[in-house]
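What follows is a short report on a single structure.
For clarity, chains are labelled A, B, C and D in written order, and residue numbers in each chain start from 1.
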């Protein structure tokens, strides 16, 4: 941590600040300049609250040098984390494609979709039973019933299930679910993250609409510091001023997160763009930028989908997109995971 | 709702779409142009999912004409909503100032602050017992103990208590709390909103960091459609590219929300700016733009605050800011509420 | 400037870097930590390119401590700059209101508007002769003819003229114009700024749609470092994700710029919001936040305006808004300037 | 164009509006709903100013159905535009890589770089002679001298030259330059665009930091409607809240612009990210998303570059990146252009 002091700070003030800082078990170094004085801190500064330091009258600016995340930090865990999900491996070089409808709408719909996406090469099945919708008047998902249908689809196809959890109080319903997804709007629902940290379930953590990559890693840290190391990060587009796409896919986040963290990372091109015509090119970008997988919305009848129809592929178009994805995965020297 | 069709749509396709739309009990009108065809819908379109319409092959663009919020909509409730909180009235012309520390740190700290802010003219006390912190390693609040200390401070001063609720599972601890705050990061925690909608507690709903005003009103709608009409909206700054301030206070949101909705609206200049020197000018802006109140962070010893010190006023500076606020409230022809 | 080095940097590398830095006539101080090493620079670092330092292999992060603007910096010029314009004083405590149509459309239109806004209390006249329009098919302004009409309106009313210059090649046409406006889209048209810096005309410099406050001050610095100290800054809204308003007025920019710089600052609520109903409340915010003036669009017949009609006040509504502005100016203890 | 009227509009008002609209030679259709009335316009509405319509008292909302760009619109020119530059073809399936330093610093530097990038497979040479720098105190480029050195480098290597023009007044100096670049900060410098529209030079038009794709196409339209059809679009990152990268590369802009327009599109990963480690993955994304080329910064000695060192590749690392780019171009079934 580097603390830049104001011009007119007195020696007494500096001493007071230094004394306080040393209560955190760090060493301090003072540089005296013509126009400014700077204190450099040596040691573990994660316990020092940046804003409390900023609050001091004499402080002009504070800058953290160490990243505030530890468990998720590649610096301390150079090896890629690999998460096992029913014989699939997320993160170890294999490429996974999670596909399925935005919402589970019926037993028939989800089983049909599961069979279709498996046929096309998907390695896991997604489908929302609990749906975070902007409007209380929109379809909110089938809930418990939806989870049951998902498990039937798993029985039918062998595909592991990825589905969103919206509340700690639903946790017991997710016992047989393979991967618990935390949606963008809940990325900083810290109470939920803490509870998920106490399970050993793989967690698919989506980046919030306006959250920085550091905040995403800090949310992963909430789960990991509570004991659960099975976190998969997901880039799904951020909110910008551009109105043509639903969100803006931040594709450079993939190689950057790979540098900063050892956790697996996947891309959701469906929510990132909101347009079916962009799913194929964005999927290929995910592959060449180093992502470990994709999450793609597929619906047997997008026109009549109860949610997010505009961004759903049909099984036929998904098959064609998958052909390109598989070729691209091979091009980058990786392999599709077990299907 | 206005649906713009693609150039090459056939009559058969149009008929199919019209049939489907009419299942929602709306009337349709078709305009045939040279380059485009447009369908206008008449009736209650809130049940029609915009994205499902967008998903149809033949649809070029869809535009909602009616606002999707009903309970919060001024069009259907022209009178201002007034929320009674221990003889204070939020929304009926009176001006309220909620003040206190970011976090409750000790019984002594919160009682001292309560006495000080009451003396300066604050009408309610704020203080966090459960704290949403970006880092799991930061101080997370005193929890239940913090709520107890707040209630002691209320006993001492008579100031009603405003404090954040982060999880449905804590709801029973908040029985004696006067106003339940939903933080920016939980603005779209829909499960929490639904449960709060089943209580009759006043809810202070903060705008998310990157949420539109329509989304804020839709989150209010979640609470209201579940039965609780006591919602206070709060503008607390949005996330932009400007790095000098913590967030960017969207001050035009105040008169706009007043036009669109009958709900009371307050401003949080502390989180919006993150700088004590900006609290006075932004507070005056809140008053002249028509806000019903303010929420301001005050700490007896900001330098040693466990959170958000950089934006906390001391009791002395709060007193001086309050003098200006009171004068400004008088200037706009309003009155400070009971203190 | 503070330079954080990478963990694994060698002494030889550090020496090489230090030697290079010292060619800029600064002193260097090295702090050796457990996990990182930091170099603090003492002296005038404005000549050192931040990005060149960042480019060095061994550098983890660079942070400027000194602000990069000098001429515009309040630190070196504590007194407010006051700019004289035909007996008006912008910046010395007096409050100025610049009003007029988006575009000059005819001699009659601009003279009528000038008379009307003067009557209501405006202290200067605005009107676009050269118009920056997103579309080449939109009305581009009357050009030279428009400037002539503006000068006739000045002759009629005595109001000084504020109008936008879009190209260095037009400069000779602006000889009799009182204030040259640089539009948001040209805020970083550095060739234009340099040329304007060689004149002695007051320059009204508008903040770009996505420019930081530091960048705004650096653009002022372009003008000032070329010799022209008569720069008036203008906040006119920034681009965010919120669709309800044309832009988002960054009202906290006013007190912040006042802290950082000695230059006068005005607010343009018309472009910031794009909605006539928001002009009065945003104007009052400008006054109470410390702005030195306002620029407001007024058109005798907004319905038939050739540009920006949606945000234009009629002379009647302008008069009513001016009543509130005048009262507010008095409330903050300032005076309206000569009208 | 679709115009939604306010609830309480009278028939007399509607007639007045319809009469006015018909002066633009369009047909109008009125839909009367329960809660709203809508007018649909048929015909060429590009001449009708959206904001003037919005300004009418009775208008609730206006929505354009037709895109406002014509010359750049793929709807009216389904074939890809191909631009010939010294036997290279930008846009017709061939893939071009423009490489070189941010700034021309000396004859030796630019010739060395030209030889190196040609050897690695670059098809054109870039280098700034006039540099748009945020600070007036930063290196502003060698100007005319820089252009001379670029032409010497062309003579040496045969690589066509791409370099930025910042002012209409420099136009005669660019006579022998092959491609004139318009920088992000000048994307809406409309006077410059108009003048470039009167030349027949290929123009490389960079997207502004906070400009929408529609605005980018409208700026292309400025050039094209003045007669110059040789416009190459360039995505170079937009400004968001994410601080880790210099900008956020909007990769979905590539396939979207390809859908909307027939103009060639290239990607600048150097400015988009500001980090050398991200250039390779982002370059591959450009290829697989359908871009026609890349513009990459290469400097023989990035550590001592006078500008933008942090994002410059060395000739060696550029060679290695080019290997991957070439493989990827082959993977998508395209060919590298003449080198």
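Throughout what follows, a contact is a pair of C-beta atoms (placed from the backbone, for glycine too) under 8 Å apart; a residue touches a chain by one contact, two chains touch by 3 or more.
Treat the numbers as computed from the prediction; the structure is a model and nothing was measured.
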| item | value |
| --- | --- |
| Counterpart interface for A-B, drawn from A-C, B-C or C-D and sharing over half of its contact pairs | C-D |
| Interface with more contacting C-beta pairs, comparing C-D to A-D | C-D |
| Distance from the mean Cα position of chain D to that of chain A, given in whole angstrom | 31 |
| Computed distance of Cα centres, chain D from chain B, in Å | 39 |
| Whole-Å gap between the CA centroids of chain C and chain D | 26 |
| Where chain A touches two or more other chains, by residue | 210, 239-241, 243 |
| Contacting residues of chain C [partner chain B, same complex] | 210, 212-214, 238, 240-245, 248-256, 259, 272-273, 275, 277-278, 281-282, 284-285, 287-290, 327-328, 331 |
| Residue ranges of chain A touching chain B (in the complex, touch as defined) | 46-47, 49, 51-52, 54-57, 68, 130, 132-139, 166-169, 185-186, 188-192, 194, 208-210, 215, 218, 221-222, 225-226, 239, 274, 302-312 |
| Of all residues in chain B, those that touch chain D in their complex | 2, 4, 27, 29, 31-36, 38, 40-43, 60-61, 63, 65-66, 210, 239-241, 243 |
